[in-house]
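Each structure below appears as structure tokens.
Below are two complexes that have subunit A in common, paired first with subunit B and then with subunit C.
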Partner chain A sequence: MLRLPKFEVKNPATVEEAVAMMMEIHGEARFLAGGTDLNPNMKHGLFTPERIVALGGIEEMFGVGFDESGNARIGAMVTLAQVEQHPDLRRAFPALCQAAKLVSSPQLRNMGTLGGNVMLDTRCQWYNQTYFWRNALGYCLKKDGSKCHVIEGGSKCVAAASNDTAPALMTLNAELEFATTSGRVRMPLADLWQADGIWNKKIPHTDLLVALHVPKPAAGSRGAYGKLRDRGSIDFPLFGIAVRLDFAADGSISDAALCAVALQARPWPLKKAAELLIGTHPGQASFNDAVEKVAMLAAKQCRPMPNIPGDHEYRHLMVPVYTRRTLHAAAAGEGPVHHI
Partner chain B sequence: MRVLRLHVNGDCAEVAAPEHWTLLEVLRYKLGLTGSKQGCDKGDCGACTVLIDGVPTLACLSLAATVEGKQITTIEGLVPAHRAAGGEGVDPVQNAFDKTGALQCGFCQPGMILSAKALLAKNPNPSLKEIQESLAGNLCRCTGYTQIYEAVVLAAKGDLA
Partner chain C sequence: MAARDQHGSEAPWDQGFRVIGKENRKVDGMAKATGEAIYTDDIQLPGMLHAKMLRSPHAHARILSIDTSKAEALPGVIGVLVGAELPVRYGVIPWTPDETALAVDKVRFIGDEVAAVAALDEDTANAAIRLIEVEYEILESILDAEKALITPEPPIHEDRKRRDNISKHVELEFGDVEAQVSSADIVVEEDYSFHSTTHAAMEPHCAVAVANSDGRLTLWSSTQITHYVHRALARVLQLDPARIRVIQPCLGGGFGGKSDPFSLEFVVAQLAIKTGRPVKMLWTREEVFYAHRGRHPMKMHYRTTAKADGTITGVDAKLLIDGGAYSSFGLVTTYYSGQLLTGPYDFPNYRFDSTRVFTNRPPNGPKRGHGSVQPRFAFEVQLDEIAQRLNIDPIEIRRRNFLGAHTETVNGQRITSNGFLECLQEVEAASDWKARHGKLPHGRGIGVAGSMYISGTNYPVYPNKMPQAGVQLKIDRSGLVTVFTGGNDIGQGSNSMVAYLVAEELGIQPSHIKVIAADTDLCPVDLGAYSSRVTFMVGNAAIDAARKLRHKLVEAVAVAWDVAQKDVRFMDGTVVDLSAAARSMTHVEAFHLAEEMFDTLGSTGAYNTPTLGGDYRGGTIGSAPAYSFTAHVAEVEVDTETGRITVHKVWAAHDCGRALNPMIVRGQIEGSTYMGAAEVVLESHDLNRFGLHAGPSLLDYRIPTAVDTPELAARIIESIDPEGPFGAKEAGEGPLHSTIPAIANAVFDAVGIRLRHLPFTPAKVLAALRAKEEQA
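Now for the complex of A and B:
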């Protein structure tokens, strides 16, 4: 039996109320969306807020819409199950819907939100444990202690960004709409991250993610998501990679984006690798050759650490395999990619 | 403490509970509905699955203070609902689990049955793959799953004589 710490629960009806409720107490307050990350973490004593601001009553944060130019607005409280099943999102942003489909289990996708997935805490096998377990270990730098067990003598936490949808949203150039005490702020998702496993975001936890804006994809754009995992359900990624490929009229690749996750504190865009694909033709040798080069470069740039479970050398060997398979799946309009 | 108005199995329950309690804790320790199991208590096993507005949800990760006004169905609600609809005996999905012997210890069963109920409500004739995917958040440490899938197939066929 794992108990939650004592807290009060607030149920605001508007975004402005929610932001004010976060600021008006001296102690710590936390937003609660689906609670599938925060509740286990609180049960492990990783967060002990005095107040929970539950977001389920804020209408503005629900729903999926497209403007007249085809840009999508996805409310932060839209669940992963809704993202996965939304016909227009599936058509426009296949990598995003594939990533949502591979998150955890059906119940957790019914509860977990897209906003919560972006705002997910980083993960580490020395951190996502009960208080009892962490106490026996002597804690770690990220919470209650002073040592890192992943990098001996390390002064920086390298817990891994483990949110499956983040790399897909990165390849799609998504933007985030936050409500802050000084008003609304819009920022590219790519600018959100910082390389610090303790808090891997450049904004404070009191800023409220209201919605995600995903620009209209180029005509004929394709994408896919690949996820290495231990079991076919429930498990966080051991490695994840999202791909977007845009095509010119002659069928050659006009633009490409790749982003990996479950490596270190932030999702990891592979810009140089993606450039190697531009101008190549799927179905022709040029594409196959480029895919091999991209897979090798990804293996050089993605260095899994013993931060999350799963042998990190095995995870490293799987980087080119998953990069290659996910690229071929994207080119063929298929995916998601997973061996189990 | 907060007085919560919860709609559980068609009844309205008014219950005072600490604000930091999960729905699972309120069901088990305030309402005496111990059919929803407390397994891992952190989202890994699905033993605490209940239906919230018909959707399979983990009660161990839901705050009771966030589910007021929603229809909560636990395993205890199936027989009364079945009989209220004019049925006899137990719910057909429960019956199918019995017929195929889809259990050993039974700890996973309430969650399995509720996940299966939600699937069949949406998709009365699911493929084996769809059954497997829908039950992928419910772990069973005993059976090896085969008879559980058979139970859902049998319940879908309605051939329970």
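Now for the complex of A and C:
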């Protein structure tokens, strides 16, 4: 069995305490939520923290609630299984619950949290490997090395955002509430990302994601998530796409959002493509035509790279297929789009 | 000694079986379910050290120097070992000893073992191996079999007679293949390929050694073959084998991946001797992927000639086998790749030309269906194509070419029982074949394939005339019978099988049997769990031993009761007098009577194969005392937009002779079929462009999860083999073979594409669909 590095564990009771515990040591410290990603990454020597700040005792980070206006607040420590099964979330945010349901396996969804999935480290076949393996390779740009093996001669890490729930939350215009050393900060999820696979977020890893705020959906809003992967369980996405469709009273689409994942460092919103859907009527030719155009545009905008395992050319072929299928599923109030 | 001479297929009494054929619980079932079972890694000994391996980061390199001084200086490090300390070469096949416990002068693939450290704990050992400094001279690496074939330099193994990268070449012809080409009504000739897959057994390899001050060494190891490990340890450590004891604890799956002697076994033993303390080494999952010994990738060219009615007239095969870095079982693999194809169909003329080459890849070896799964895939797809082109039903063409029972194959293999036609009939009926083949909507299809496999072979890995399996029985006055067998229970249930056979033969309940297995100090030699030999050989030896004991028990009771021996019957632990129904005693009382009459009671039994095989070089390799037969029908759905193949259901009918425990046989059929299906659509043991394993983890090596597994319908066909134990043959490997071509043929039925190159990734399916559209 691979061994974990040695570290101390702190168990704060409040977010303020947690942030302070992160900052008070000079060496590396990491937050531990469900641990489903942090543990294997530590065993691989990707993180070697001296301190783990375990979040399980912070009451504020748990629970799902709605305010009087119908906006949701989801604690960052809410598990993916809880998101998947929550009746009010399923009604309001189908794409999010579908995405949560397709993360890994039932056991890992019982441990893994929504906050953890949003904050997930980017993934790459040249990075998510053991110390021995990476040493034999000569390391890579993301960790311990200076060379990128995805793009030879590349100077920017292109490890892929692989979090299924992030694109769904993007289509839902979710906002994140962070606790920082200078107090609480709230930012749109869309503003979180930067195009750097080494650390694809604009905030430091010492800031603590406390909760997610998802605005009340428009009346009759629908959504779906589509996920390409080899197996019917466990695997990270080879391509993922989330859809939200809002409807006017006449049944036409009044607003739409699409966001893809497992391409490069950031989740990838498809704004222009989504605009093509506005004004069309599902069930009518206008919608079907628009879906075809959106699928083609998505294939143009989404260029999978050989960063994560699998045949990237095949992944590219699947972009229009999964985009089209997920749009139809969303319009029909169905989904997720997944081979099993 | 040869149990086959003593009994036929029938029970030795008239009222049928009491234990055999019943769904008895496995003898270790409760222990495994509750966690009580002791696996090698469960062993903790006082003062035990933990050892770790330093492995090569280069695919091919010469070792110029190794400096272990920093590692030795690390507090907590007790012992360090390098290859020069164990330079004696070994190999599971004695003719090709090309491995050393640790690399002596060269490393031959990324992950090859270079040095080892024993320390007080795992973390210290891990830290220490990073302190070992190795200076390498990097050599050109050969990662491709075709390149290896034409590239003699640099030789991956330097001091062989031939200076090239050919590991083994076998060319055999039976009849005249070329002569058939001009007279054939149809000739089909195509290329096929089979990729690399690994076993992915649940338990990683582990070994623990203790060297006592009296010069005795004990090794516990997760091995499938205790006896060969015993021999290899004596050879490499240069110790008297009488002072070495090898024990296989409970084992978490092998599938062929624990058949070779492995580096860790020598290393823990030598470190235990060196440090005077017990030493354990448990490999990580990644290390198991490097140790590999998995399915050999093969590039195969087949040409089959047939008459218009589908009768095969000749089969011609040329195979290129990627052996990886070492020989392992490669000599046998090379023969098996040709020798095991000559049934269940009659080949009047047959030729094969198989070449195994060395490459700088993790060594290939035996994986479930060793050497014959790949050719079976190619041939069964080719046969399907012949049927299609001749417009013959694919099941019908297989019937027409049926080899028959009690006959001989073109290459001189003796066939005894053969239930292949019944297997075909079973899957034909169960799948509603006639109503559905060729008639399902586009995208959905069913396909068939057949196969045969050995029940052990008469080729002992090292030449000797001693029994291939031995069993010893000991009687206790409590009524307990202890069975000692060298057979390795690797989860397939061989210990249970032995208990059932002895219980049946003695007429006592299985709960009164205790099996002590795979301990070289205690148990008579058995050659181990490979080539599907255990049920047939150990089973016959167990019956032989039990029958001898029963004769004594019956005699003692007959004398006491003053009745004829034929009137004494042991049944479920009670002895009854058939001449006077009111009289009975317990088997315990009978044991006491027999001990009074004969002194301390026990018996031995053995099995050896009859003389088998063609009279030519290699003619005994793959010659089995009996063959199992299988037919599969698979139902698939092909998503023509994504290219994904979903295997919905597989019907598998397997002729295992007699099912000694139908529940375990069905489990073997299901497990084999699952494993075969996985190799078609998911699993791939790939290297990347640097020669590094593409993803040595159970996340990236995609074995199917429960939701990816097709519905499996296992059917048992009982042909009752005249020489098998109560008529039994193998069930553990045969039922894998035809799964793969059945799926390939089902894909053709579904969407009209012939896929000849495994694995069938969605990308390949899409490309084939596109090519078909362009042709149309």
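Things to note:
The definition used in the following text is that the second predicted complex is superposed on the first by the 339 of 340 C-alpha atoms of A that agree within 3 Å, B and C clash if a C-alpha of one lies under 4 Å from a C-alpha of the other, contacts with A are read in each partner's own complex, and residues count from 1 in each chain.
Everything that follows uses one rule, which is that a residue touches a chain if its C-beta (ideal position, glycine included) is under 8 Å from a C-beta of that chain, and two chains touch if they have at least 3 such contacts.
Being a predicted model, the structure only gives us computed values, none of them experimental.
In the superposition on chain A, no contact is made by A:64 with either subunit B or subunit C.
Using the contact criterion defined above for the overlaid structures, shared-chain residue A:278 touches neither subunit B nor subunit C, since it reaches no partner. In the superposition on chain A, contact of A:321 is made with subunit C only, not with subunit B. After overlaying the two complexes on the shared chain, residue contacts for A:311 are found with subunit C alone; subunit B is out of touch. In the superposition on chain A, A:1 contacts both subunit B and subunit C. Within the superposed three-chain model, A:111 lies in touch with subunit B and out of touch with subunit C [touch as defined at top]. Shared-chain residue A:136: touches subunit C; no touch with subunit B.
Judged by the touch definition given at the top, the superposed model places A:230 against subunit C, while subunit B stays out of reach. In the superposition on chain A, subunit A positions 1-2, 6, 105, 232-234 are in contact with subunit B in one complex as well as with subunit C in the other. By the touch criterion stated above, subunit A contacts subunit B in their complex at residues 1-2, 4-9, 11, 32, 34-36, 39-40, 43-44, 52, 54, 56, 104-108, 110-111, 232-234. The part of subunit C that touches subunit A in the complex is made up of residues 55, 57-58, 110, 122-123, 126, 282, 284, 286, 639, 641-644, 646, 682, 688, 690, 692-696, 699-700, 702, 704-708, 761-763, 766. Of all the residues in subunit A, the ones that touch subunit C in their complex are 1-3, 6, 105, 125, 129-130, 132-133, 135-137, 230-235, 309, 311, 313-314, 317-318, 321, 339-340.
Considering their complex, residues 2, 18-22, 38, 41-44, 46, 49, 55-58, 60-63, 65-66, 115, 133-134, 136-137, 139 of subunit B touch subunit A.
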